[in-house]
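What follows is a structure written as structure tokens; I'll ask about it next.
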Amino acid sequence: MPEGFERGLLARITRTVGEHYRIIHANPLSRIGFWVVSVFTIVAIFAPWLAPHEPWAMQYDSEGSIASLRPPSLEFPVGTTHLGYDLFSQLILATRTTLIIGAVSGFISIVIGANIGLVAGYYGGKIDEILMRLTDVLYGMPFLPFIIILIALFGRKLEFVILAIVLIIWRTSARVIRAQTIAIKQRQFITAAKARGCSNLRIIYRHILPNVLPLLLLYAAFNIAWSIITEASASFLGFGDGTTISWGGMLYELWLSGKTRVAWWWFAAPSLCIITLVTSLVFVSRAYEEVANPRLRKR
Amino acid sequence: MTDTNLLSVANLSVGYSTSQGVVNAVSDVSFDVRRNEVFGIAGESGCGKSTLIRALLRLLSNNGVSTATSITYEGEDINSFSDDKFRDAILWKRISLVPQSAMNSLNPVYRVGDQVIEAIRAHRSVSRSEARERVEFLFDVVGLQPELMRSYPHEFSGGMRQRAMIAMSLALDPGLIIMDEPTTGLDVLVQEQILRRVREIRAEVSSSIILITHDIAVIAEMSDRISIMYGGKIVESATAIDLFESPFHPYTLGLKNAFPSISVMDNELISIPGTPPALIGEESGCLFEPRCPFSDATCAQILPQSHSVGEMHQVSCHRHTDVTELREKASKKSTWHC
Amino acid sequence: MALLELNNVSRHFELRPGVVERVLRGGKTRVIKAVEAINLSVAKDEILGIAGESGCGKSTTCSMVAGLLPPSSGEVLYRDRNVGEMTSSELNDHRRRVQMIFQDPYESLNPRFRVSDIVSEGPRALRLWGEREIEEQVAAMLAGVGLPAGKYWDRYPHELSGGERQRVGIASALVMKPELVVADEPLSMLDVSIRAGILDLLKELSRQRNFACIYVSHDLSILANIADRLLIMYLGQAVEVGSVHDVIKNPKHPYTRALISAVPVPDPRVKRSPPKIVGEISRPVDPPPGCRFASRCPHADQSCSEVFIKLDTNSPLAHQAACHRLEQINSEAT
């Protein structure tokens, strides 16, 4: 055993984090994406302390009148709504909601998708058929009617938004990971693992999973991006959670106010945030695309 | 250089530019191929033998650059030909190639016979029926029944596909055929059939053959003269018999030790320690030096020159004069693994 | 008592036609008879070589011996115990005793595992020892294959050469101290100058650690060097068995004769004159009864396509060939 080679848990975590850091920073695009996502994450974490005002508190200007529909200024960097609400505060707090929904939905959906893909791909046969029929059924399920029904039945709650998103989004990653599992299980090192005495479960989670990990992380980033867009769409159409504010919700309120043509700042800020965050996530996923498919790497 | 030389290559070098620097795949290689001979080039993977051939036939990939003092074929300086002229006048017509993994070189969606016919008609203006007659003749030469012309590549076994590629290489009556690992991956009996065919063809057709392989046994049986390549250079050249009876270069000595023979059972095999060189960047001294048990101070610093040690026998080694002592030491395992 | 015995072992694979073929051509299920009724035995401490060309069934036989594939019929007996009837705890124990070394050093190691993880995997999966003990055993094993732990412990496969990778593969098989090692063409993907070292390593380790070995290869030159006994297979059937010296110097079966004389010799002064065998190996799909070499055999007669001789494992040291025309062939030659 080499001297100084730490095998403790902390050391393993540091090493893994280091590896991923290197992967992401190898690619200029993903480096940019990573920093952008980090900024958003920090904003989301410290949102309540960063937001100067309450999101739904009427703001007054220095002359005492309601600061309604003000364009961006030093006092209100993103302007105000028709009711005088500070959009900057709203934006910051919405960042937190959006990121939470995105991260949670993305994470749950990738966990479900990965497990289904791994199990279906590895065992094949009846198990594979049943799981894939299930996936196909969900492929056929249209998102909007589904979420409408959920909301109609159970009300506009955050949990149902997340549930609806997860149920739609896990299917693509399941298919893709199943395909890669099938490819990997034919490889000789899996036969070798069987010969060494590994059980099926051990092979799936200890031997195959690390090899689909790049693909998995790629789809994790995608899933988070899709979740964000889906949530924004749902909120924009009025099906989001009513009690918290999200970027899509901000656009919904803009639409409700009828001031879309007038208040360009109200429209621009949340939209830009959505586009920027989603694009950055896709950039980050590019780094894993190269790991998952080494042929994409430059000579 | 006399009239008996079909092909003369002088100082051929090939470099690939990669993100890690220039890879000197072939360094300063010179050799001749005479008329009516089988010239074998032996070496392990990475020694540069396939790159050498691709450079000769101008089939290098984009990041490869080849330079040579001269390359003459039948007295003509083909190195100065433009790429177009080379492709028209030389490739397939006067020098043809049976490529490595020939089995994968056939287009799966066309019939085998049609592919050979098209190859002929691309280089010669003959009618389709004339080309077909020629292909029937060629199939017969390589031992394939003419009905098989109508088959698709996937219906052919590995051995049959190889024969089809040999037929294609003979199509335009070239004076020189280059065979790159012609029997690698084939079963023993099929290999024997193919090699037997090649010998028969050679007797009938009087082309010369350059045979490239890592299989020492095949090259020993088939070649008239052999060159051994290591690290992009030719380290020893001799007639086949001379090379086996009087090897000079330590690498040759090592290969002899490492190669099992079915006729000499139970002998102790001795491997060569170390790994092949990386070929990147500037070289100084002999590339075999890190693995050579006989290296001395000059070996790592000065590039060995080619010395003539017998009739048609050259070796690139500083210590060729001590060969009797080297041969004796090389037969002991302790020399190589201490 | 033989360590391992295969009695009348066959392995078939079914080729079921797709829907289209069934509709259009009334396709019926075809059967690939990859291994047909072979008998073989391995004593402890011996190296049995299995040779043959592609399609002969040697890899399938390997998988059956290693327990990766059950036989379609016949029994695989390990220490007189039928592997097919073992309980799961017996099977776990069996796994430890019979291990396999694989052909492709570039594919048989998990690219995401470090060398230490690869070699530790067997003992961990079978829960042989505690973590501390596993570390010590693995370090000792790595040293035993010439890869000092200080340098190789946390390397990844892609950082290693082919020869080094194959050593890791050998270490991961031997760390569990098996009694029988099945080596499936372990040298064919390595450079020539490296092969001798690995072969030597195997010979030495098998002597040191007292395990029997089944060495499968198409390369008779290597088998001539390492094996004690040799079994020749053709298209799923066992055609000849005997000591390696007997089989190579005095081959009896027409196929063996052709095979041995077709092997090129690395000496230009030696001239061979192998018999001319026409045709190619077919796939063992729906093969005819009788000897499968009959269609290509220069000495075959009518009875050859009907009768098939099986090698007798009761006298494992004898030199036998699965041909009932041996006497006639010899008398024809003289």
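Going by the order they are written in, the chains are A, B and C; count residues from 1 in each one.
As a working rule, a contact is a pair of C-beta atoms (placed from the backbone, for glycine too) under 8 Å apart; a residue touches a chain by one contact, two chains touch by 3 or more.
These numbers were taken from a predicted model, which means no experiment stands behind them.
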Most remote chain, CA-based centroid, reference being chain B: A
Central chain (distance from its CA mean to the mean of all protein CA atoms): C
Whole-Å separation of chain centres (CA-atom averages), chain B against chain C: 32
Distance between the centres, which are taken as Cα means, of chain B and chain A, whole angstrom: 56
Centroid spacing, where centroids are CA-atom means, of chain A and chain C in whole angstrom: 51
Residue ranges of chain B touching chain C (in the complex, touch as defined): 44-45, 157, 159-160, 187-193, 195-196, 214-218, 220-221, 223, 240-241, 243-245, 254-263, 265-267, 269-273, 275-276
Of all residues in chain C, those that touch chain A in their complex: 66-68, 92, 95-96, 99-100, 102-104, 107-113, 121-122, 125-126, 135, 139, 149-151, 153-154, 169, 172-173, 176
Complex contacts: residues of chain C adjacent to chain B: 53-54, 161, 163, 191-200, 218-222, 224-225, 244-245, 248, 258-260, 262-270, 272, 274, 276-277, 280-281
Chain A residues touching chain C - in the complex, by the definition given at the top: 1-3, 5, 187-189, 191-199, 202, 207, 210-211, 213
